[in-house]
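Note that the chains are named A, B and C in the order they appear, and that numbering of residues resets to 1 at the start of each chain.
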Amino acid sequence: MLKPAHLIDTKDLTKQEVEEILERAWFWEKNREKQLMPFAGRFAANLFFEPSTRTRFSFEVAEKKLGFHVLNFSENHSSAVKGESLYDTVKTLVSLGVEVITIRHRDPEAILELVERNPGCSIVNAGAGALAHPTQSLLDLYTIKKHFGELAGLQVAIVGDLAHSRVVRSNLWSMQKFGIQVILSGPPEMRDPELERLAPYVPFEEAIETADVVMMLRVQLERHESKLFTSAEQYNQAYGLTLERAKRMKPGAIIMHPGPFNRGVEIVDELVEDSRSKIFEQKANGVFVRMAVLEKVLQGGTERENIVEKWASIG
Amino acid sequence: MLKPAHLIDTKDLTKQEVEEILERAWFWEKNREKQLMPFAGRFAANLFFEPSTRTRFSFEVAEKKLGFHVLNFSENHSSAVKGESLYDTVKTLVSLGVEVITIRHRDPEAILELVERNPGCSIVNAGAGALAHPTQSLLDLYTIKKHFGELAGLQVAIVGDLAHSRVVRSNLWSMQKFGIQVILSGPPEMRDPELERLAPYVPFEEAIETADVVMMLRVQLERHESKLFTSAEQYNQAYGLTLERAKRMKPGAIIMHPGPFNRGVEIVDELVEDSRSKIFEQKANGVFVRMAVLEKVLQGGTERENIVEKWASIG
Amino acid sequence: MLKPAHLIDTKDLTKQEVEEILERAWFWEKNREKQLMPFAGRFAANLFFEPSTRTRFSFEVAEKKLGFHVLNFSENHSSAVKGESLYDTVKTLVSLGVEVITIRHRDPEAILELVERNPGCSIVNAGAGALAHPTQSLLDLYTIKKHFGELAGLQVAIVGDLAHSRVVRSNLWSMQKFGIQVILSGPPEMRDPELERLAPYVPFEEAIETADVVMMLRVQLERHESKLFTSAEQYNQAYGLTLERAKRMKPGAIIMHPGPFNRGVEIVDELVEDSRSKIFEQKANGVFVRMAVLEKVLQGGTERENIVEKWASIG
């Protein structure tokens, strides 16, 4: 029996492992019309303790394209299922024959504790609180690489609600590993001092003009108690990607957004499907990247023991 | 890339297209034991913003028999998902590889707006408010044709809550196209003047005796504020299909109901599975008709461009 | 058309039928890596009117391993769906092509009434109120047989909330049929006089020392109005399986639990995955036993008419 590997965060991956995943995703994209199904008849499960239909569907499509039977579990009451209870649920699924489980959970500690206890299957983090969202980061990398060819030397501006985004952390790790210069921007009230030890904070109007990738983050105005912005329009005017700002973007620069996006808040309607926007292509790419990730964690073990150890390491 | 076709309402179909669907449904019924699965490995999604387990299951079975992987999405909070948001959800599914989506929505405008924006996949209306339910109408036609052989010249009485039924509108269009004489009946308080410009309103006791098909509609007494009927028994006595009334039906006439039915309200218990009743056969037929519809919208395009245009037309 | 067979409770099975199921489960366990899928392309449905994700997943895995397409229906509002309504829902699924339906329902009468009305498909009881849970009992037998080889002469102690457990009843029938001596134990306030007409009640400290199988039942302290135990610790000390008590178990004796278990209440944390514990193996075995059960009810009919009659008998 191979020891199962996991994907908890991008920082557990070496540069070479990320490259292998991106290359394999490209294999799946090229062969997307073929019914290869290397895992036909085997079982995967999606445990979503926080609702996210779109991410769950992306994993479900990836799993089914790989040939898996899929078990779906969704629940809103996150806090209840922690510690013993999450472990017992996962261990039950393993007993039923499930080999890989994707988990979305509000509390990042829940997934870490689970993996530490060795539940006997591969775990893929599908979004943990505001901490990590590794498959989103990998698909972002894949999307950028497909467009620019080379990653090193690019500048990516991540703009918006930095404090509440799980994508920023995962992206900082993986992008910097590839020589991408990440800059942060957005309303001062949504800054996160911890992140700024890793990447510089830059005024929005400046970031717009220097970045090769303008990555807008979802803003949930209702989350901010201070009520700095009294309306979507007000936010959009100050920190949204408007037509005027898009005009000032570098030639060849692209627009990205991890979704779900708010039209008219962090990005104006007209730009969502603009020729520079990769927003829906990101979703398409996500399927191929997740196929590669699922495949990789399931191949963990034997001569890859060292890698596996590290994949499982969650410090 | 073919331009995707849609099925929004029966009135968008020519007589020939309806005939093709009914003929193809017959093909699927004859071959129901075979695992043909022409769409193996491809993706369909059911987006139900109004709960309807039975209709969703009917589409899910049809899709799986065609070989599709199926993604299911159900939500009760209809009003929230409209306009941009519905479009973005659909567009996300398309990005994931979904080729056909069935939608049930309380607001008929939602589906029309969606199709106008060309989301990049085929849309099948699975019930839109009180406006249209085209696959229900097609399976009604199929059921009648299987029983009588010839459609032209038959009389169909549609009886009950005309004002709230989405089936009546779709059926009026398709039945009259085939030379069926539709008559309307039921409590005066549930009449709909708009419908009566298209078909005559006839007293119930008369309709029972002349119709070849007595189609009873679901009555939701709680929906009617005037509280005309104080009990199910009272409604049943005045406007339900009772044993006494069934005795006065024409020889060879049949009973239909789009479901879900209320035993003891619009139809007495004993008649639901009477030999004249096609109620459960309608459900069986629904699978084959939906297979034919899904297949047809997915074949839209190329030399069928004109038809496609019309299928997509929603005026 | 064969007459469909059902599995309503273990008491409807002959000893030989149980043996056939256990033997066939062993066949499925041995061949668990193969994709045999004898029911490929056919339809099964799980109707759960009481939430039980784990049991539903067990059936879903069993069904998918047999090749079935699976339709899932879950609802919390059990009482609403009874009598006509449950029958009509099932009959609709049958019309769509579903051949076997598993049902969990709070009210045991609901399943009995349904089967009496011959809905046209096989029904498997997936847990009915506090009355019966036949597949749990069969997987318990299978687990014991795999460990001990011979069933006759073993002693099984069932310990805990006897009054509220649906497993005890199903197990008493099937275990005694195989010459297993069942003894009951637990808090006096959770005794059930009806059960004690079938098996002796024994003090807990004594049962621990004589039983070959110590089967702990889930205790829901909040269910007991008398509030006999003011805390989980108090219950655990008086009637839980503690390390001290486990030390006094017979050599070779095993620990079982139908789940879901409460760590620290009826069983201490350290024993759940103790080498004597079969708790997660029970879940693995459940898949193979359920595969055998689904297969058996679907083969009902023709020359097996007598057996079928009895399977369907629900007195």
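Note that in this section a residue touches a chain if its C-beta (ideal position, glycine included) is under 8 Å from a C-beta of that chain, and two chains touch if they have at least 3 such contacts.
These figures come from a predicted structure and were not determined experimentally.
J.: What angle, rounded to the nearest 5°, describes the rotation that places the Cα atoms of chain A on chain C?
T.: My answer is 120 degrees for the C-alpha fit.
J.: At the chain B/chain C interface, shared numbers over all numbers used: above half (same) or below half (different)?
T.: different
J.: Quick one: chain B and chain C, Cα centre-to-centre, how many Å?
T.: That pair's centroid distance is 41 Å.
J.: Would you give the residues of chain C that are in contact with at least 2 other chains, written as numbers and ranges?
T.: none
J.: For chain C, which residues count as touching chain A in their complex?
T.: Within the complex, chain C contacts chain A at residues 32, 35, 37, 53-54, 57-58, 60-61, 64-65, 259-261, 263, 269, 272, 280-281, 283-284, 286-287.
J.: Within the complex, which stretch of chain A touches chain C?
T.: Of all residues in chain A, those touching chain C are 40-41, 43, 45, 69, 71, 73, 84, 88-89, 91-98.
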